[in-house]
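Look at the two complexes coming up: chain A is in both, with chain B in one and chain C in the other.
Here is the complex of A and B:
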């Protein structure tokens, strides 16, 4: 499934550079970063030779470490891949913004709205876990509106549906005054950037 | 002088070649290991190892708590086979590491879809998402907590998000942790029986990489005692032995090893003895040697011992006479050559130090009254037993 890390020592030439033999498509499927040679030698013994003693104190050579992505580009839909590849980063940013806007001591509920149910579940779980790790009170329970409400909301534009749904949840006691609801979603079917909205006491606010 | 220089000039390139060969072998071994350990199932198992190791250091509960393994979800587009593997792996880890205070309980209904009709309508959900319905149906497991494990592949990183929720109306998350594989670092493939930190596991691996040669030089210090005679009060003196040899393993697992060694024994005014012996050993405590636990080997061997001196008078079929016992003529000392068959057990720590116990049968002495049996199994009789301490280099 996943190949071993590939190495390229920029100067010493001690390690064979496997990138030379890769096609463009294969190179696009790599995640690469640089390491000082001494650190690379410690992390990958036998593959990266230790630098000469005189170089340890002085200027060192970089080693480029590349890893293949776990899943090939065509194994998931392009939009799903784009969202999932940056899931941690996007969710961290959105939950950080949301945390700053919510009243302290609130009980958090999170749900994600995305065309693919498995991906939506991943987004919601990532947000819940991130919030809980920050020490906030988070519930795994997803607030559910009545079927009639959902059918009306489904016919509305997203910019109207979420604020309306938030107000309706508060009005029908699905959410209480102590609850905060964080929704993560894509607004346009073609976009790969997650948006977030916060529902507090029936009031909806899009996250910056 | 010229000859010495010539020899040196030949030996130096050979030494360099040997070093390069060892480096090449190291590189190939590391690449092979990284290829295997980099596979997604091993990386996922590594994250579970780290999660459970973290819980052994900082348990999520103060006391033993029943928890339902509510769900394991794998990266989108990967199959349920991986889910089953990871479920088994985490269950094994939690069973072996009681310090986590997480006790898994079985609750098939918790992951089943249930239909619950109430005043607010009919809800279709999984059991652990709607604990009230489980309680009303009387199929609750007795657990008040559920564990969810979610894996996702984010580029070249695999991320584990673990959360423990209460199984009540609030479904509150009481513990959560996100773990990510270090980019490009292969899994440490830790032993679930006794989890260690990543740093310790790495150290063990490097030690194994450095000391994994197929050949060892064991130096053994031991003592052999012989069974007391049945018809005489003149017993054989225990022999103290020092031996050195060469041990070869058939593979890196060291499941089978073979060794030859030469021994020397001397006791003032008693005997001088030398021995050559070969042993074939099989690892009994597993299929491969352990980095953290002692290994137990069983072995069989055969050898030949030559001894000279008054102390070997008993290794004959006749009783020693007074003249023979007080004979001080070193040119006319009694001599004996004996064949030896050995069975024994060896407890070895990290291929460095071992404790050996063995029984020996000396076919040439089966009919003598001077040496008795230390163990008689009917079909085979052992006339000698001994212990050894071995240091391997």
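Here is the complex of A and C:
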């Protein structure tokens, strides 16, 4: 008897939503987006049947495409997850702004300032890759200041630390006139939005 | 003899009414875009936005009530310490606003909500009626929200889009079955009968708005070279 609704739904061409049988946690662990039926049939042959010809010509219905996320919820810290799940978009926007402000032909150096070292590494690599994909010259060397400079900068507020560090890097020839340094960071423990700053010839500028 | 076994019209009507009275909805909520991401702020904290003046402007769209949305968002931000005024933009372009604040807002949140997708199964609805709602009628609705936060000068500080989907099953069979499963098997957090889906969606949406506003506040500080804004000048009452 319990199969009757399923049978009748199948009979009339309707599909019982598989979502109904998933737990709340499973539903939240899906990334979904809508596609026109014709496009979904082309991208997922065998899983989505091709729509009738009259629907291709006329108004079409949508198909919901969902994929399970690689990591389970709570496997990473909330802030790390929030930043990493939108990393490519954030890095794209910041590198685009930086690219417009830097002199042409510059050699790019990138570093990220984030409380978790593995996440900082991911942010920096994403930015280097994005800049390289745009055809810019990107160095994998991270400019390092002397230990004494770093200890002084660590005691400063971000508003002073980054401009001072930038000026110091040029004064001590850690960066030369052809180099630009792109820094990506967060400045507040509860924010999930990356900020960017650009150091060009000893002058620091926050990216819009 | 056979006619005696047929239920009387009054009994039949009573059965139909009883079936309809016992019928309920089972609604499943699924965050589609953005809403399932974690947040770093605690939207229950009362001091998240103390001394922050915010204008929430809700734009009209098909299938949503901007008044209700604006009122709910105002309540949520006010509980976190913000001074909130709201504006509801009418389809005609006219704006109706709540009580004006004494000082100009520091942040303007534009909220556009829209019905993205809606699907009903007419045949299932027919079967639902014929079977006295034993066969569930299933409808699916997807909504989208676009939040854009600007500073007082109009500079966009943060923006994000969200989408969520509600699958609603209407019928006696599905309601009784799920009610029993809720009662006997499912933990309270997983129950699907009742209004749990509304609470879950509201928690997600308000949490993300709080996170977005917090991000916008920090971004505004960075853009202003970390200069803290002086307290607003109060309008002097006329002598």
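By our rule, the second predicted complex is superposed on the first by the 189 of 208 C-alpha atoms of A that agree within 3 Å, B and C clash if a C-alpha of one lies under 4 Å from a C-alpha of the other, contacts with A are read in each partner's own complex, and residues count from 1 in each chain.
In the analysis below, contacts are C-beta pairs under 8 Å (C-beta built on N, C-alpha and C of every residue); 3 or more make two chains touch, one makes a residue touch a chain.
Everything numeric in this text was worked out from a predicted model, so none of it was measured.
Student: Where does A:85 make contact in the superposed view: on chain B (first), on chain C (second), on both, or on neither?
Tutor: In the superposition, A:85 contacts both chain B and chain C.
Student: Check whether A:33 is in contact with chain B, with chain C, with both or with neither, and answer first, second, both or neither.
Tutor: both
Student: For A:62, decide between first (touching chain B), second (touching chain C), both and neither.
Tutor: The second partner, chain C, only.
Student: So, A:195: does it touch chain B (first), chain C (second), both, or neither?
Tutor: second
Student: Which partner does A:153 contact after superposing on A: first (chain B), second (chain C), both, neither?
Tutor: After superposition on chain A, A:153 lies in contact with neither partner.
Student: Same chain A residues contacting chain B and chain C, which ones?
Tutor: Overlap of chain B and chain C footprints on chain A: residues 2, 4-5, 30-31, 33, 85-86.
Student: Could you list, by residue number, the parts of chain A that touch chain C in their complex?
Tutor: Listed in rising order, the residues are 2, 4-5, 8-9, 12-14, 16-17, 19-20, 23-24, 27-34, 61-62, 64, 73, 78-79, 81-82, 85-86, 157-159, 187-193, 195, 206, 208.
Student: Considering the complex alone, what residue numbers of chain C touch chain A?
Tutor: 26, 28-33, 36-41, 116-117, 119, 121, 123-124, 127, 134-136, 138, 140, 142, 155, 158, 165, 167, 169, 173-174, 177, 189-190, 200, 211, 214-215, 218-219, 221-223, 225-226
Student: Using the touch definition from the top, list the residues of chain B that touch chain A in their complex.
Tutor: 23, 26-31, 34-35, 38-40, 43, 73, 75-78, 120-121, 123, 129, 148, 150, 152-159, 161-163, 165, 169-173, 175-178, 180, 183-186, 206, 209
Student: Can you tell me which positions in chain A touch chain B when the two form their complex?
Tutor: Interface residues on the chain A side: 1-5, 30-31, 33, 43-47, 49, 65-71, 75-76, 80, 84-88, 107, 116, 118-119, 121-122, 125-126, 128-130, 132-133, 137-142, 144, 146-147.
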